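Dropping the structures in below, format is structure tokens.
There are two complexes below, and they share subunit A, which is joined by subunit B in the first and by subunit C in the second.
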Partner chain A sequence: MKNRWTLYDPRLAWMLIAPVLLLLIFFLVLPIAVMAVYTFFTFVTAGVETSALTAANWHEFLTDSYYHGFLLKTLRVGAMTALLCGVLGYFPAYFIWATSFKHKWLLLLLLIVPFWISFTIRTFSWINILGEQGVINVALIKMGIISEPLPMLYTEGAVIMGLLHFLLPYMILNVYVSLESIDRTLISAARSMGCTSAQAFREVTLPLSLPGLAAGLLLCFVLAAGSYVTPQLLGSGRDALFGNLIYDTIMSELNWPMGATLSIVLFVVLGFFAAIYTRYMGMSQIVKGLGG
Partner chain B sequence: MTGIGRMKASRPNKEGKWAWRLTGFVTLCVYIFMFAPIAATVILSFNASMFGGFPMTGFSLQWYGKLMANEAVLAAFRTSLWIALVTAVATTAIGVVTSFALVRFDFPGKQMLSTLVILPALVPETILGVGLLVLIKAVDQPRTLLLLVLGHILLAVPYVVLITQARMVGIRRVYEEAALSLGASRFSSFREITLPLLIPAVVAGALLAFTISFDNTSASLFWRPAGVETMPTQILSMLKISISPEINALGTVMILVTVGIPLIGGLIMQSLTRLKRRGEPKEEAR
Partner chain C sequence: MKLTTTKRLERLHDRYANGDLSRRTFLSLTAAAAASAGLSMPWMSRALAAVEQVRFDGWGGTVQDAIDKYAFQPYTAKTKIKVVQGTFGDENEIITKIKTAKPGDFQIVHSSGVNYYIKYINAGMNSEINEANIPNMANVLQPMIEPFRKLTPKLSAVPYDYGTTGIAYNTKVISPEEAKEKGAGLLLDKKYAGKVGGYADMTTRVWYAALATGQDPNNIKDIDTIWVKVRETRDLAKKFWSSGAELMDLLSKGEIVVTDAWSGRVAALQDQGHPIGYLDPAGSYAWMEDMLILKGSPMAECEELINFMLDPATSIAVAEGQSYPPSLDPTKVKLTEKIEKLPAFDKTGSMKALTFADPVYWATNEDAWTKQWDRIAKGA
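Moving on, here comes the complex of A and B:
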């Protein structure tokens, strides 16, 4: 029966990819498409909407500065987190790459371990550091430097700290992967031609590692701007981000059309940044950084 | 050829030395930053104090005892364990056949599929969460456990595909073709040749899928059926009440489980490959 099939028959390929294709269609493509349609539905009351088409949701989003403020704050926090990740993440990546330390694999393993630890636990563990009874406040009070605990938790700083903690391994691994692909003889060549180590770094290593840095920046930005749990646990109500706004709109207000609108807005805005990135860098670096 | 890896070795200068020290210092700080909160949580879980915070007032295991008696936590743990196991098995199966198709075959839309398949890792979970909810609301379906599992598979599939694909590229197709030309069926050539060579990536992918599912928070908040708590959502709802030492104990147990399983898995893999003397590169670090 199979005799008429060629060795790498496309029909067999379709059978192999059928499960993943169905999954992607029904759980990724179709939901986003339906969500886009839902943005034009009419909100009646909590949990109830009709399919009468209206532009009211979009009108509300585009004219209400409440939403604009949220969006801008989310982009600002995302950008700050990504930049801090880039600056703080480059050093360890470079160190792991350049070190002659025998147990380099241990340094890499320690970067992977956080991925195994529950994100929720890693996030709430910051309460034990920054909280009123956290390490820093208790230590400072014991030493007599302060008499009242510093309000560090439930601030935007705490949210960014939590996001950094969550995203730094992504950044370090991305930069590291990119450094690893550099031909080390290039650096030796630069040095033998009279470059100082700083010049060799600036002229050779840094430019060649930029793709990894860019991929890390995009990944950190997108994941930070889309976060929900971190602001929920470490921020006050004022530090809520767009993800929290979406969650509250749907789960508390039960305003599904508006929730869908906000989701599509976030999707389009983040997709815009990702599109700019892929326009110049392509997808391959992101793929490498994610574990490929 | 010893000097290639050590750029400073060829021409040491003061500037380079300081830059290197600064790099080492920042690296150390980053590692401390990464692990200090986790260490604090583990230490505090043994605190005798009533309040989940410093200072330590004495060593006690009472919070672990309380945890073991907490029915809600145990139920959530079992739920998460089952979901993660099913997710790991299903995602690995789907991921392996997908990678096989992507690496070995040529078909129209291949490029698009390989982009589409990593999207779930890039689209924020909030959006994926809302999207699926809107879809099932539109077709008037309830939230079920099956839906939650399928959602978790979606979230884990990019990673499994990337890992298995990277390994599949390194397995030369002539091995399979040799088996085929000797009369093996398609399936048995895959089972006897491809799969054994792929095992490190399969194990690494399954472990990763397990932890992704076991840890998933944001999307699960949207997708879980009414009344069902997974481990992370249970922790979130406990945190809404107060930071009790019980949560620190719970966190410590979770860390032991989710760090222990991959580590042990990696060690087993390593000793297995050493037994077989195949000399494969270490793969457990994925």
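Moving on, here comes the complex of A and C:
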């Protein structure tokens, strides 16, 4: 009887998590470790490197302000995008939560519908909206409001617009899940004690939904700062982000050791922000948000 | 047509008869073939079955459509060997993929001439072609083969087509007279600020900056002034395109009115009725493309496919479809009127009218210049 496993037996727990653990080790930890080793390899010429260990790549990253500038710019664009997502995403989430519409699932479905279309195609669609021959410019010219097309495409604004389009559903879902977990009797209690609707929102709903908002902010920030496709398609060269820098170093310069170094840098920086959040906010909010 | 064991042995014998193989090697290979035939198990025949497909990676778009329609489909119909196709927008992209794959995963690449040929050699990705298996190479322009042979006496690639990167302009905005007068200077004309495009490629950017500064692109003396000009074009540019499809999209939608452009893609736009003009300014960047066989590929099948592609009827049909002149020597093969009218076509077969990049010179500077260009493109 001693050998029989109990429900909370640690051995059973290890066996249950073993497959996921192995997957994580082989497909996440090990590749990152290989990449970390690669950062010390020596670049010979395009497409050729040797395993002779060197700190040259790290030295170049640490001493070259070009990389630092891009890193700061990437963090700035990521932060701007996350903040805009927060501002623009909170209200739809609040509306979905507060509505008495009996088919609320339909509203949530509308949020998920964009994910049925390829992300690249969704991004490309902005070219037909913001371009010189795009819907906005053509409409404004035909209405006589402008005589020359507005330069909207291939700008930082276009990149942020594309990122917003991509990330807004994540923010709305996060905030919505947070709102859903609020006990509505608290709001009724606040109203019964003399709060106006606005005061009840400010004193009860908003503070209790902040964890969801913060989770959305972090998620949007990390995804925006790590993005590559959106700046590539909607931005000019100047609007490139750190991800584009990594892409060009690996794919254009064929310099894998330096590309690996930059990848590890981005991984560490974004990991740092995620760690800070976990320390102060807890990852459970993100998990809840992603789970719907 | 599948290559049978008999045919392979016949080829082996031919190579021996032609002096390509020593007697000892020939006898060793024949003995090995005999031993393997005698000792083989039933499952081995399936494992060693004739190749049923060949992998090809090219530039996509109208170019690959033409190759598929006029070369691959007839080849498959004739031999039952399927050509599995992939595409890339930038050749470095496919080199990266090849690097991460095992030999044989990628087999034939529609490569951008000797500049890239060096990269494959440096990375040890190149194979050795048996030219005896590609008899149609006899019709290929020798001036196109020579630069490859200078790098590797045993070729890994066969030249297939060529073209130029000249200046394309919207004829509704820029007249042919103005284009002719300004030439490459159009890319630096402030009048078209925000409506200029260009290929997001170091060689093209440096080449046109060299022309703008009056330097020989194959012997640049003052690289600093080149970077100044590259920055000037960048500041005037709306977008540097990175694929033929993107180039066509930008020009046809009027997002840009002048750009350096691939001659064949411009010809395709003109065929579609877009108001796009094209000119090759003096010293315009000429390039050639080749069919490169990678290490680990089924050589006999790949050679057979390339031989089929070089058949005059096939090659001419592909050239007309993709709007790039073929590598066939016009003094040996009668080409069509349509091909003779294509931009960059050299009727003499000497290729002296075209300025190609010196592969060794450019390879020497490639790493440093690519890094600098990548930075300038991002605003540095």
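Going forward, the second predicted complex is superposed on the first by the 269 of 292 C-alpha atoms of A that agree within 3 Å, B and C clash if a C-alpha of one lies under 4 Å from a C-alpha of the other, contacts with A are read in each partner's own complex, and residues count from 1 in each chain.
Keep this in mind: a contact is a pair of C-beta atoms (placed from the backbone, for glycine too) under 8 Å apart; a residue touches a chain by one contact, two chains touch by 3 or more.
Note that the structure is predicted; figures quoted are calculated from it, not measured.
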item	value
Which superposed partner A:F70 touches (first subunit B, second subunit C, both, neither)	second
Touching partner for A:I32 - first (subunit B), second (subunit C), both, neither	first
Touched partner set for A:F91, first subunit B, second subunit C, both or neither	first
Which superposed partner A:I250 touches (first subunit B, second subunit C, both, neither)	both
More subunit A residues in contact [subunit B versus subunit C]	B
Partner chain(s) touched by A:A200 [first = subunit B, second = subunit C, both, neither]	first
Which superposed partner A:Q133 touches (first subunit B, second subunit C, both, neither)	both
Subunit B versus subunit C as contact partner of A:A52, first or second or both or neither	neither
Touching partner for A:L21 - first (subunit B), second (subunit C), both, neither	first
First, second, both or neither for A:Y154, with subunit B first and subunit C second	second
Residues of subunit A at both interfaces, subunit B in one complex, subunit C in the other	131-133, 250-251
Of subunit C, residues touching subunit A in the complex	90, 92-93, 95-96, 99, 119, 122-123, 194, 200, 234, 237-240, 253-255, 366-367, 370-371, 374-375, 377-380
Subunit A contact footprint on subunit B (complex, rising order)	3-8, 10-11, 13, 15-16, 19-20, 22-24, 26-27, 30-31, 33-38, 40-41, 44, 51-55, 94-95, 97-98, 100-102, 104-108, 113, 115-128, 130-135, 137-138, 150-151, 153-154, 157-159, 161-163, 165-166, 177, 180, 186, 208, 211, 214-215, 217-218, 221-222, 231-232, 235-236, 239, 243, 247-248, 251, 254-255, 258-259, 262, 282, 285-286
Interfacial residue positions of subunit A with respect to subunit B in the complex	2, 7-10, 12-14, 16-17, 19-21, 23-24, 26-32, 34-35, 38, 88-89, 91-92, 94-96, 98, 100, 105, 107-122, 124-129, 131-135, 138-139, 142, 164-165, 168-169, 172, 184-185, 187-188, 191-192, 196-198, 200-201, 219, 222-223, 225-229, 232-233, 243, 246-247, 250-251, 256, 259-260, 263, 266-267, 270, 274, 283, 286-287, 290-292
Touching residues on subunit A, where the partner in the complex is subunit C	45-48, 66, 70, 131-133, 151, 153-154, 236-238, 240, 244-245, 248-255
